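In the part that follows, the structures are each spelled out as structure tokens.
Two complexes are shown next, each including chain A; its partner changes from chain B in the first to chain C in the second.
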Partner chain A sequence: MSVFVAILSRLAKAALTLLAIAVLNFCLLHAAPGDPAVVLAGEAGAADEQMIAQLRERFGLDQPFYIQLAKYVGGVAQLDLGYSFRQNAPVIDLIAERLPATLLLTLTAFVISLVLGIALGVAAAARVGKPQDSLLTTLALLFYATPLYWAALMAVLVFSVWLGWLPGFGYETVGADYTGLARVIDILKHLILPALTLGLFFMAVYMRMTRASMLEVSTADFVKTAKAKGLSGRVIRRRHILRNAILPVVTLAGLQAGQLVGGAVLTETVFAWPGIGRLMFESLAARDYNTILGVFLVSAAMVILFNIVTDIVYRLVDPRIGARA
Partner chain B sequence: MWKRFRSNIGAVIGVVLLVLVIAIAIFAPLIFANSPWQMVQRPFLAPFAMDGLPLGTDTLGRDVAAQLAYGARVSLLVGLVSTLVALLIGVPLGALAGFYGGYVDEGAMRFTEFFQTIPNFALAIVLVAIFEPTLASITLAIAIVSWPPVARLVRAEVMSVRKREFVDAATLAGLSKPRILVRQVLPNTVSPIIVMASLMVATAILLESSLSFLGLGDPNAMSWGYMIGAARTVIRSSWWLSFFPGVAIIITVLALNLIGEGLNDALNPHLSRKGKA
Partner chain C sequence: MKHLKATTFLIAAALAAPLAAQEAGGRLDIVVQPEPPSLMLGLVQNGPTQLVAGDIYEGLLQYNTDLDPQPLLAESWEISEDGLTYTFHLRDGVTWHDGEPFTADDVVFSADVFLRETHARLRSSLAYVESITAPDPLTVVFQLKEPFGPFISVFETGTMPMVPKHIYEGTDFATNEMNATPIGTGPFKFEAWEKGSFIHLVKNEDYYVDGLPYLDEVYYRVIPDAASRAVAFETGEVDVLPGGSVENWDVPRLTEMEGVCSTGSGWEFFAPHAWMWLNNREGPTSDVRFRQAVMYAMDRNFQRDVVWNGFGTVATGPVSSKTNFYSDDVTIYDYNPDKAKELLEEMGYDGEAVRLLPLPYGETWQRWAEAIRQNLTEVGINVEIDSTDVAGWNEKTSQWDYDMAFTYLYQYGDPALGVSRNYTSDQISKGSPWNNVEGYENPELDEKWFSAATMISPEDRQTAYNEIQKEIVDDVPVAWLLELEFPTIYRCDIKDLVTTGIGVNDGPRNAWIEK
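This part shows the complex of A and B:
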């Protein structure tokens, strides 16, 4: 029951946060230099007085600020994110069309970085002070300092251009018209490089965290007890240390989800991955504010969803939290 | 403290690298006669192909080495100033929340949480895109997305220092609350703030380069991210144009991270990473 209530309160909080972001969006739209009606008219391709007046009326720009705000927020609540004059389509349609590709990319990168990061962190902690540990920690430091988009470009250069192992462009082979399993394999091949390069930075983060956390927990009293009971080092690491050490890593992973979604803008730009990040990049050059702010809102919603999911996972991993709540 | 810092090999390497980058940034006009914007040779000249142009020329025939040196200026400047601005927002907010507690704390923390939920890179993109890319707007946008961890850290530190005896003593001595906060409590939170700030400069440099890569850099300032972004489309034929600026970013960010970790071990010895050989 308490878990149910906790989740409900999380959802209510999430709705409030989204509302606040919608208000922020509205303020940003109006803070943009220039009259929105002139901007809209310019985008639509004509900017005579009559057209501007028409646009003003059509979008309610002649009405008081608070009514405009209410209308905008009301629209957002009904998934109306405005109209993209550049692409001649409602923003929500543009996003809906591209969201699956972004979800596939970010979720894959998230899982890869978390699994590899924890595994390598455990491996490093188990060999603390030895050459393997030094090598892993140094690599993590390097990945941690590497710009996402640069890693992506170098991966394209090495694995796609020079070695020719994997495609470095797009979501599937254009014109191949694969169906069924062949299509799935084709998409997976295209997914490998973007997901790995997006996950690299976060893998380094989780690895460092797991290593530090493992080393900290390994000094706890219950570990001494387990050793005194005569359990093997491997069993102690897996059953006793890891289960406790993993909690801060899961919390951190939830918090980092926002950065993962933000990083997708860079990865999708490099790999021409047809997701909402690429959509945002394309809208930047076109100054398509409605689309930029729409993608921003949707990516914030994704982060909130990620956080709720990690919160639930956290409760499943650590029964103490449910009892406390 | 300096002894502990000096004995950390990583931290010393970090300082050496950073001093090198700073020196190149400061003396860029003396080392390179060419302006980073000036076309000096034919485009796409490979590295080491011609004397005086050690890293070759870019897509417009400009000196890549000079561009790298001038790019260091932008990276360091934006990294440093945006971190200072983030501290100006985060420290007072966190201090007030931690010191006064109650509604102040509740309000300040909800505000901070809101900014922590928003994907920070996406917000930075939106801010720079809407307020036109200039060094000032980029710096401000990075500060706006980086202050929340500072506020949380300062709040936690202030809360723990607030309960110490010398604060009670100051209260008994009749000092006013704001005075206690500024003169007695805050000075005791400086070392974790310094550690966090050094790591924040590194993150800010990564953020700045990412924005420039997307074309959201100041058009009047040469930056490493811009160089990579401009060379992206010619990666197949001229990979070095993207390669060298990336290495410059890695060296600078790595140096700052190493320094941050060294400071952490030196300033907070009781928290220093256990099992470190």
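This part shows the complex of A and C:
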């Protein structure tokens, strides 16, 4: 089967999976306690039956569950994610507004963690048993064990409050109205702390995985053969060991990349990063059903997308996989 | 009969605002938390929306810290001797932010059409109104069906915001596209809203009071984490932390910083009053002796000093001491665990567990619940804390699924506007977490609440409310806790930030920065 056909078939399955996810999410959310009309009315500091009835009618909550479900899934099938009654805007607009900030943050964190994680993992494996290896392994364990919100607060305290080197929160300097390169630099400055904080944990994971996998592969027969052929240690590590050892890292990275959209709630909250994770969290608190469902769906779409990308990367890294299929 | 009339000197005082010392220009960065769902004050009146939109929209009147009405869009007013006719004379030359003139037609449209449909709290006051008419472009007459004592208190910006008729007439208010770019008459105009980051307001150059506002622009900053908000203030990113922006234990640290001031003023009109609903319908809490025991078992001074870092006042009953018609001539429930135990023994309390629902508004409220559980456990009451999120809290309280539940509510200056709704039996109705959720029924007191609301003379009303407070405090329908105080923390070079009874909701109007 050609790669093209394989991808097409995956995409078709993906669309069906997404619809099933939409149905499941809808049912789960409606089963949770809390009523968006009561929350919205309550926020006004006063509510009467008339107001709550008005809101329920506007939200369509006065209709039977199956009709609400059918309407929602019907909308999703036509790429209509519905309307946020809390924010008075189409959900797709709300998500589009917040998605770039989240992608910038999480992709930066992803790239940092993957590049550093693999590089350090290779370095540690090459010096296994030596002090450098112990140092790197200990650091990785530390980063792995540190709760994200604590690391984030400490980063703000040290680099923003005490040293004053970097802005502690926000996406850019409010009211500065920078343009062009100045704006890019401004955003990058704001990006450093949240991206590093978010990236540290994953970096530790990739590093440990790369190191372990490298050590395992290095005992394989083909490595011995390569050594016997007289290849240099560097060439063996790069061409033979790493290429084989990286497969589990790709698997893990693919899984984690899928979570990038929804996985940054804590980082976005501490650093006041205007992304989609916060949108989801705030919408959940207000039971803004359509917005939550929309974010969940986009998040699920990303997971599926990254799974497909992972499959493709597999084939590139290890041509045997495509041949077997 | 009392005639309320804005005297010339009041207008003169308001107009004479620009003095030599006050300097124009500058920018304020104020924290807003959480991010408001909308800035259209006619549709949404939650705290964050009022904070921001209070600079964009205006009511006919404003209220000073003693809750006396002051001119705003109305420059003077008269109340007929029978208390049935309220006539307002509007300022001449006021325009909406889009340049259209503000007239009496806008007032009639706002109160009689728009807000009647959208504003639940105002709707209950408008039930007393027979008609609202505009005999000429600068005069509005509210004709009442029967006298309503607190009616003069309903013209505040958050209670009756003026909305532009030329934009909303004949449209679906909730989905009107202009809701995204609100048009008011206030001192600041809407400029931009970066969702998740900030809301930017700029000076209304055509504001009807010469010289006001002083500030060029205001940024409302959205920072979702309480610790990050404290850091934002420490690093100079923001200049003002409105009440409740940071956790209480951060307040002393921040106010001790050099050049930082704080004030508890600016909440007088709202007078946030905290209590625990005690479910009067079933379980141990349905027994008045149990409810009295709860009052005696609690060390409320300790709660204020430790949980609230000394902010607030122990509540004596349903009415806040900041609200009109308060009386302290009531049974005082001092901390007395022995008395509590006696009462529990007398009723034969068998240790049945009671569920305590904390208010999910952050760490302070969680700790408060724990402090109370400790107090109650000490006298032998078996308490289970039943935590949930905001939506869950709304559902459980409005469906009466609790034994004891924390809450706090605003009083809006008058017991008939913000107190009686929690105690009269006509306010027992599922679905709302703001009415008589505890299910207290006392037909005799109901009559007294109703009649006190429709009296015209303030002296008569004071007498009636004294009697009500004395009686209801003995019944303990709810366990009153504290008159809350939310300090506003700001840099001392910001002057005149809090000048009215609604605090920073209209703070930037008069504020200026000393250079």
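Convention: the second predicted complex is superposed on the first by the 278 of 325 C-alpha atoms of A that agree within 3 Å, B and C clash if a C-alpha of one lies under 4 Å from a C-alpha of the other, contacts with A are read in each partner's own complex, and residues count from 1 in each chain.
Note that a residue touches a chain if its C-beta (ideal position, glycine included) is under 8 Å from a C-beta of that chain, and two chains touch if they have at least 3 such contacts.
Keep in mind the model is a prediction, meaning the values are calculated, not measured.
In the superposed pair of complexes, A:285 makes contact with chain B and with chain C alike.
In the superposition on chain A, contact is made by A:161 with both chain B and chain C. In the superposed pair of complexes, A:153 makes contact with chain B and with chain C alike.
Touch criterion met: A:101 reaches chain C, while chain B stays clear of it.
Legend: residue contacts after superposition of the two complexes on their common chain; A:269 is shown touching both chain B and chain C. In the superposed pair of complexes, A:49 makes contact with chain C only, with no contact to chain B. Contacts of A:170 after superposition on the shared chain: chain C is touched, whereas chain B is not.
Look at A:300: by the touch rule set out above, it reaches chain B but stays clear of chain C.
Overlap of the chain B and chain C interfaces on chain A comprises residues 33, 153, 156-157, 161, 269-270, 285, 287. Of all residues in chain C, only 27, 29, 34-35, 37-38, 44-47, 119-121, 123-124, 174-175, 179-180, 194-198, 200, 217, 219, 221-225, 227-228, 231-232, 234-235, 237, 388-392, 394-396, 398, 409-410, 421, 429, 431-435 touch chain A in the complex they form.
Considering their complex, residues 17, 20-21, 28-29, 31-33, 125, 128-129, 133, 141-142, 144-150, 153-154, 156-157, 161, 212, 215-216, 218-219, 255, 258-259, 261-263, 265-266, 269-270, 280-281, 284-285, 287, 289, 292-293, 295-296, 299-300, 303-304, 307 of chain A touch chain B. Residue ranges of chain A in contact with chain C, taken from their complex: 33-36, 38-52, 58, 86-89, 94, 97-98, 101, 153, 156-157, 160-161, 164, 168-171, 174-175, 268-275, 278-279, 282, 285-287.
In the complex of the two chains, the chain B residues touching chain A come out as 114, 116-123, 125-127, 129-132, 202, 206, 209-210, 213-216, 225, 228, 232, 235-236, 239, 242-243, 245-246, 249-250, 253-254, 257-258, 273-275, 277.
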